[in-house]
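The following pair of complexes shares a single chain, chain A, combined with chain B in the former and chain C in the latter.
Showing the complex of A and B:
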């Protein structure tokens, strides 16, 4: 799988996320309060709602529509109405850029 | 549009999917991400404070009701206890189903379970039902939580002031679920993997009610049911009074919460019981905002929303004539004007609904 340059490290606030679209798919890229970076699919597994407007708290992302919650490090669905985990993708940081393996 | 089919399995449900009304993209007021994050921030403090007050008051009122039972002097205390059980628990159920009341998840979950029991709403069934209500707010055939269907039948509204129809529905579902059955309509919004949880909770509840009944029989008194169960009836009026204000008389089958939801200014006691859900347009537009932040959200968004009703009475002055007209004309609804500072309604998305508006 190729590494794709997604954004700069400073494009994401600490404890927040941004949307990244690539190759006809959409992703969510997270920056934790410890400045670690993570990547998951962009849309909630419950319904077709993008997570970009959701709330990041510690290592969790909460969907803006129905408050489903996921651990964005593992993709695990933590709270209904989501029952299916998010896909996650490897992330690395090089020279101030966030790269994701997709 | 004419006659509406509110069944989740009916013609309007199918039509909503075919026309794109189901799971549509809804209008949202533009707000910078930084401000939105501030509004969404969670806290435990406000909900812990309110929960201590709520359960403390319930214990005091129920204690005085029991102490003065069966004299007439117990009545005021039962009325107060009933509103907290049969109405305040509705708003606790609601906020905790969103998971926004407390920052700490287990606190949301505990209060959600207690409130669900008081309201006789299976916590699993209704979590999914309410998610659908937010996806497809007042979309006929898709939203399972439309309080007043058209044509309006006032007798149903009056019966529900005392929780009659809701309680019959809740008890019927509880018994069916306890027998291992999940209804066909419920099955449209509850994932198969979650259905065993529905059944397990229903069986626990049946045991609690059976224990209450056993105590009532043993003591030859309805007093146990005055504490558990009956307040769902005699205390429901405040929930219904506030709940009808949410969407009644406004548009259905639109994708803009400014057209189908209503914000109403209320007195502090009603806002405590209702946990600020009087800011209902704001809540539907941004369900991530916790109840204690909604007054602030209202101030931030009001430039883009219809003017709120200035009181509960003002809300009903608007609703009751509209409901009266909807008895004869199912297509009639109130269209609320937007302030000059607001983004206009996207008329192209609401062409089916608009001709009947006033």
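Showing the complex of A and C:
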């Protein structure tokens, strides 16, 4: 799968996320408080709601609509109403850019 | 076959079934639904599928399942749908369906919900109710042209927004001086009301329907309105019949403690039908989706033998047009702090000890959700806050949470 240049490392605040749309699909890219980057599908597995307005605390993303919570490093669903994990994608940082393998 | 029997397969009962299994319960779990089909999400009933543009491409009700058959199978949950429970015998630990089938239980959860209140006036039974998928299908098939909605609560307002968006001429008749006076601070209710009026919805507050005749309603002031379609959205009554039959204490719902235990050993109640006494003595009977889910999970865990307690701040969410209203915890008409965001406003309530106890927000959903989630966590943590910090949009609420230590 190709590596896609998604954003600059400074486009995401620490302990936050941004939305990234590519090839008709939507993703969420996270920056942890220790400046590691991660990528998951953009929408919550419980309902068709984008995670971009959700809250990142430590390694968890909380969906803005129903408070489902996922570990964004592994995609694991941690709290109801979600019970299906998020897909995750490989991420690498090169020359100040965040690349994702999708 | 005994095990856990759950009566009612709405959000609460369904979540309870999965929560019991997730908590390691290895006995039988029987989930009994009065309505046919898979458990579905009632909050979607006011959000119909809109196939075309206004006026009236024809709305159709959305039945969104809470879970699919394969998820029930995988969790070893038996769903018995389409036949209500008619009797509970707490001495024999049995429930009897209306078709005569009998099932024993070790633990019984009554997640039996509530029933839409009927219009009590003369001819009031002509009004369409709005609680089930069948109701929603009827309303969206019939309500067009001139529509009168009795009650400007959340259901009435959401239906007014949806139907007026499809070209219906909607009149809301509300007994109180303001819509949502029980749940939303007055300042926010006024703004919602203004928005509905700007969209062409007529709102008659301080007014009641006194009589319904074919095609018309007569109000308490004697005024007669054409009402070819009439919908009653005047709240719900908790279903307590089975609880009373089982011998459980009833007082505005089936009385339970924070572990969802009724006064009868082995019988639990949760969700819309339950009146919960919290450890601090406060009583909560909530009708929100969030509460149904959270109490259902606690009931499931407790029935499975885990230690769990309901202490979630209440939370409601309503979308009307492109406006979202959210309320968490306890809010007052006069807020203690106002936070102005670019496309939303938040109103906070602080108790006499300086702890955040509630927040209400209005505006664009995306503009407020992060702060609402953070406020929920601050409330749950009993966080001490200052009005000055809450009012300053430059101060990230996350920083207030961090200063509370480990939460």
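Keep in mind that, in the parts below, the second predicted complex is superposed on the first by the 102 of 102 C-alpha atoms of A that agree within 3 Å, B and C clash if a C-alpha of one lies under 4 Å from a C-alpha of the other, contacts with A are read in each partner's own complex, and residues count from 1 in each chain.
Operating definition for what follows: a contact is a pair of C-beta atoms (placed from the backbone, for glycine too) under 8 Å apart; a residue touches a chain by one contact, two chains touch by 3 or more.
Because the structure is a prediction, the values reported are computed rather than measured.
Student: Judging by the criteria at the top, classify the pair chain B and chain C on chain A as clash or fit.
Tutor: Superposition result for chain B and chain C: clash.
Student: Just to be sure I read the superposition right, which of the two partners does A:41 touch: chain B = first, chain C = second, or both, or neither?
Tutor: Once the two structures are laid over each other on A, A:41 reaches no partner at all.
Student: Classify the contacts of A:54 with the two partner chains as first (chain B alone), second (chain C alone), both, or neither.
Tutor: After superposition on chain A, A:54 lies in contact with both partners, chain B and chain C.
Student: Regarding the shared-chain residue A:71, is it in contact with chain B (first), chain C (second), both, or neither?
Tutor: neither
Student: Applying the document's definition of touch, where does A:81 land relative to chain B and chain C: first, second, both, or neither?
Tutor: both
Student: On the A-aligned overlay, A:62 touches which partner chain: chain B = first, chain C = second, or both, or neither?
Tutor: Both partners, chain B and chain C.
Student: Per the overlay, which chain contacts more chain A residues, chain B or chain C?
Tutor: Greater contact footprint in residues on chain A: B.
Student: Just which bits of chain A does chain B share with chain C as contact spots?
Tutor: 53-55, 57, 62, 64-65, 67, 80-81, 83
Student: Which residues of chain B touch chain A once you look at their complex with the stated criterion?
Tutor: Chain B reaches chain A through residues 23, 33, 36-37, 40, 42, 98-100, 103, 105, 124, 127-128, 131, 134-135, 191, 193-194, 286-288.
Student: Applying the document's contact rule, which stretches of chain C touch chain A when the two form their complex?
Tutor: Counting only chain C, the residues touching chain A are 15, 18-19, 71, 290, 293, 297, 317, 365-366, 369-370, 373-374, 376, 398.
Student: Applying the document's contact rule, which stretches of chain A touch chain B when the two form their complex?
Tutor: Listed in rising order, the residues of chain A that touch chain B are 16, 46-48, 53-55, 57, 62, 64-67, 69, 78-81, 83.
Student: Inside the complex, what are the residues of chain A that reach chain C?
Tutor: 15, 52-55, 57, 62, 64-65, 67, 80-81, 83
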